[in-house]
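We just call them A, B and C in the order they show up, numbering each chain from 1.
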Amino acid sequence: MNDKEMSAGKMSNGHFVSQDPFNPHSIETLTPAQEKFYMASQWKLMWWKLKRHRLAVICGVILALNYATIMFSEVIAPYNLHSRNSDYIYSPPQSVHLFHQGEFIGPFVYGRDFELDMEILKRNYPERLDDVQPLRFFCSGDSYRFWGLFEASFHLICPPENGTFFLLGTDRLGRDMFSRITYGARISLTIGLVGIIISFTFGIIIGGLAGYYGGWVDASVQRLIEVIRSFPELPLWMALSAVLPVNWSPILIFFGITVILALLDWTGLARAVRSKLLSLREEDYCAAAELMGAKPGRIIGRHLLPGFMSHLIASATLSIPAMILGETALSFLGLGLRPPVTSWGVLLNEAQNINVVALYPWLLYPVVPVILVILTFNFFGDGLRDAADPYK
Amino acid sequence: MNVGIGRLLLLLSLLSAGPLQAMERLKETTSLLEKVQSGELPPIEQRVPQEPELVRLGGDMTPGEQGGELRLLMGKQKDIRQMVIYGYARLIGYTPDLELKADILKSYEVTDNRIFTLHLRKGHKWSDGHPFTSEDFRYFWEDIANNPELSKSGPPWALLVDGKPPQVEYPDQYTVRYSWHAPNPYFLTSLAGAVPLYIYKPAHYLRQFHARYQDLEVLEQLVKKEGKRNWLSIHFNRDRPYKATNPDLPTLQPWMNTTSPPADRFIFKRNPYYHRIDQNGKQLPYIDSVAIGIASSGLVPAKTGAGESDLQGRYLRMDNYTFLKTAAKRNNFDVRLWKAAKGAHLALYPNLNTSDPAYRELLRDQRFRRAISLAINRHEINQVVYFGLVQESNNTVLTESPLYKPSYQSDWTQFDLEHANRLLDELGLSERDDRGVRLLSDGRPLEIMVQTAGESTEQTDVLELIHDSWLDAGIKLYTIPSTREVFRNRIFSGDAIMSIWSGLENGIVTPDNSPMELAPTSKYQYQWPQWGNYYESGGQAGEEPDLPAARELVELMDQWSDALNRQQRLQIWHRMLEINRDQMFSIGIVNHVPHPVVVSNFLHNVPEVGFFDISPGAYFGIYKPDTFWFDEVRH
Amino acid sequence: MLHYLVRRLLTMIPTLLVISMLVFVIIQLPPGDYLESHIAELQSQGEAVDEQKIQFLREQYGLDKPMLHQYWFWLTGMLQGDFGYSFEYDLPVTEVVGDRLFLTVIVSIATIVFTWVMAFPIGIYSATHQYSWGDYGLSTLGFLGLATPNFLLALVMLYLANVYFGTSIGGLMEPEYIDAPWSIDKMLSILEHLWIPVVVIGTSGTAGMIRRLRANLLDELQKQYVTTGRAKGLPPGKLLRKYPLRIALNFFVADIGNLLPTVISGAEIVAVVMSLPMTGPILLSALQSQDMYLAGSFLMFLALLTVFGVLVSDIALALLDPRIRLGGTAGK
């Protein structure tokens, strides 16, 4: 501040004119908050912005929880995926009670009888209101191979000793719906994730090449995208899934279907990447990198992509629900996963008949997690996208 | 020998005096009255043949009123061909007791099972009023079956004996005679089939599309107009009586199609020249028209439950029963449980021609096939999937068949894990891995992939149940779902080790039905596709059967074709059934599966119980839908 | 402008040619051909198959010829306006599809109108009240339609409509009207049935529409001119209507390319489940049974519509919005 005073002089009319070069900081000093804001990394900014979309945050948490459960499906499900109970076919959901005759007992279910209505061939399960069967927690129940690795029998909740616990009822073979939904999540949730990773890779590579090189590469990629997009997706699904070899194991079929879903999904992403790159490659910093001898791969990957990665991720999030729904649609057409594999699509497809709608509506429950996951993905994706443009 | 069909209907033909009496009392059909008065149609006396088929309704069946519209549901436009099956007017047809009886024909004579003389009804007319005569038989035989362009490989196989055609004579307008050099056991049963062999065609109509009778120029124009390749397509396209797609094609069925496809609703109207009358002199069919709604097959149960069909069996399944029954009162219909006539509703087919040598050897061992059958808990399947209502059985003839023996049904079908394990140990499969799955001699675990065509969840459900009990015998089962075509291709190519499908097409056979299904005779037989191919192609393709039992079956099959009398055929049948019982070439699971049939409360004469299957009953066909009638309320 | 149009039309030719090949390959991809699937179907129902007839048909349908020959036959036929022959229906393709086109267009247009009517107010409200509970609530409602698998919703609604309103299950009208001539009663019957497919198909499209409208509008609302307008005291309603809304609406025009083919094909899966007399189920079953000319020509038709629709929407956009220029060279 010393030399400022020295060089400053009073003018004759009393006005003071500073001779110093103008320093913007002298007028607008950044508050610590502002400083933090402008210095923050892109991801941090996104996070701050995202926080404002309260619903998106809640949805993000729900999603995270959902994905967490698929790590421990075996533990969460009270029954093994394949265990069936021939004595409880088409059993309606059992409700969990806490009080018995006004007395607190803790979570329990009532025992049930079985009647077969021979007139209409319907199985009925009236509750025995005096038979209190407390549920067991952190217990040992049906044995399973955890992720196919080792034998275990630990469950979060188990049916009562000599009793049953069908929270969401049972299906036509007496399999517990809640357990099936839990196990089905493993496939249905990953199918979206794996699919999006594949389509993401495709989109970035192809769109990146087209955008960076332009010219005939761009033209042919554009044509390819045009061809794919001018095709109704259903026939493409059908044709491609018909090509999957039938002797593939369920895991491979699962993978194949994901790839099919992804193969038809990358075009939108590729277009976005391309148009962004087309404009970004003209920027000076790109030219600088080029002059310094960076290879195209490095320029795209290191300098160009990070500029709009957040955008890409946000739009990718929004296409996951389409993939989950795609899986259910393929199952409906008999082209996707098939029983005995259990996914939400398979479960919904099994529920797709008039008997279920009229008589066994609890078999429609798998639609609840599907709706929930798709809703949350949508809101979460929306929030991400709004947040992806942090300076707006 | 009584074929107890479970039904007390008697359709008595009167003595020769009967029809004449009924003829005198012929009553004009009300719905046709106007057309008769305006001269558009001749009166009833000139419409029915001079010797009509008199259907005397008695027992549970009551003579009824004419009129009304029967609503049916089908899943595809092509399905309207079911009307040809339901209508079931055949030259010779099965009675509900499965005896053959002249129907369109007045009578027929058979000499040595070799010479067949068919007598037509005098005055019998096609649905357009043109006389039905021996010319229509001649047209088929000379201008279709023996036209080198229309039938490249000659007449249909059922008309050939040892590859040789019959001599066909037309002594007069009302007589046709087919004579072969050797017995032809297929002739009559083919004529009576649900999908019949047509040996007559409406010559007066089809001539205009035949190059022999029509100017080539005219045909050429038609070819151009319809975008076809040649006149053969034109003729073929017009001449598809079984498809029922051509409203112009004259027919002899009770109802004739009046709607040209494409459409979502087809109206079949009564054939005014139909040859059957009831004892009160009323011309059949009672019901004036049949309206077929086309709805996607998955919706048919729902629509039926909503009361949108008056008579429905197709596309309904056992598991719809509860739903239908709860809707029955609200929508005024009755749900009856008929039965499937198949030898087994579901059966496992070990592929003896599989390309995997280790499995092929194993599957060809009788002990292995017995063991896997013993390891199936059929009782549990019955209880879980079928409410305990079905018969746990091998893939064999049903109790209603005169060929039935209890041992055919029950041998090797009792759930006996201990025995199964013993047999498997005997086979040298005693090593097991840590899951308890037995090991093959080459060290692979005994994992059997069962192919399903993915038709219904029922198959996968049953396989899931079998999976559990087989695991106790140390066999791991994997269900491989696919589509019908892929399914068949995989079996044929030998990629498939085992498959699941329905059993014998016709389980209520008589010795006169061909035992073809029991022997390797067709490439579509899933237990030995290559052996069947060998037989079918006359040794040109496929593999020669190398199991003695299979070879014997082929020999027996040929003996049956040459057999001179019923007694011989009966013996051959029993021998073949015995071999199949002993060998377990296919592993039946259950049969006698109930099939729900929905009948409107206003509809009469539909039996309480019956067989709902295409062969031999043509679904409703042998119960004579032309005698079903509606209450006045519904007219 | 003319120059641009010609260039676009010329690039369409190779694209369509590639699509035609792709269509043909895709139809041939599944193993077997129509006759094989036909045999399989007959056999599954216990009906005997006449091998001789099959052989005859194989020749007549040209299925014994090499694939390239079949492709050429189809392609040249199409260029002459002959779309081939449907094996399944035993009729020319145009007759099979044409029969159902009218009702398909009715359902599709009703659906589009429904979607817009739903999406418009919700989209505007969400954009102007961003992050409010109203925004969340309405968006949830919109997404709910997207999230529910259509085929299930369709069946449940059919059943409920039957139980509570007595509407016949499936189809677009009571059965007795199907072959009846047009009349007031027939129209009423159609209206009674129409709402279910319209709601089921419409709700799944609403969410996307809401999102796009909201995003576009938000972009516009943050622009300077809006701030200026607001600062000058323009009433909010007018401020919204005057420019942002108009510009945000451009995407409706841009959507024509996607819309056109769906109008013709309808929502296939829902149409199958509800057994609607639309073209979608025909396409699906043709693909499943490998009725190749029916499936192929119809797919080709849809592709043509898409390509054409994109062109139309590009031109319309340029006409509507002076800021958009067609191509680099078309500037005046």
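Rule of thumb we're sticking to: a contact is a pair of C-beta atoms (placed from the backbone, for glycine too) under 8 Å apart; a residue touches a chain by one contact, two chains touch by 3 or more.
Given the structure is predicted, the values throughout are model-derived calculations rather than measurements.
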In terms of Cα-based centroids, which chain occupies the most central position?
-> C
Of all other chains, the one whose Cα centre sits farthest from chain C = B
Separation of the C-alpha centres, chain A versus chain B, in whole Å, is 50
Just curious, how far off is chain C from chain B if you go by their C-alpha centres, in Å?
-> 41
Roughly how many whole angstrom separate the Cα centroids of chain A and chain C?
-> 27
Which chain A residues touch at least two other chains?
-> 242, 352-354, 358
Which residue numbers or ranges of chain C touch two or more of the other chains?
-> 30-31, 155, 159, 273
Residues of chain B whose C-beta touches two or more other chains | 298-299, 302, 486
Any idea which chain C residues touch chain B in the complex?
-> 30-32, 36-37, 40-41, 43-48, 50, 52, 55-56, 60, 62, 82, 85, 88-92, 95-96, 99-100, 155, 158-159, 162, 168-171, 175, 178-179, 272-275, 277, 281, 285
Touch list for chain B against partner chain C, complex = 71, 76-78, 150-153, 156, 193-195, 226-229, 232-233, 236-237, 243, 245, 259, 261-265, 267, 291, 293-296, 298-299, 302-303, 306, 308, 453, 455, 484-489, 505, 524, 613-615
Once bound in the complex, which stretches of chain A touch chain B?
-> 82, 84, 86, 89, 116, 119-122, 172-174, 242, 246-247, 334, 338-340, 350, 352-355, 358-359
In the complex, the residues of chain B that touch chain A are 298-299, 301-302, 305, 319-323, 325-327, 380, 383-385, 387, 449, 454, 457, 460-461, 463-465, 479-483, 486, 490, 495
Interface residues, chain C side, partner chain A - complex = 11, 14-15, 18-19, 22-23, 26-27, 29-31, 131, 136, 139-140, 143-144, 146-152, 155-156, 159, 207, 211, 215, 222, 261, 265, 268-269, 273, 283-284, 287-288, 295, 299, 302-303, 306-307, 310
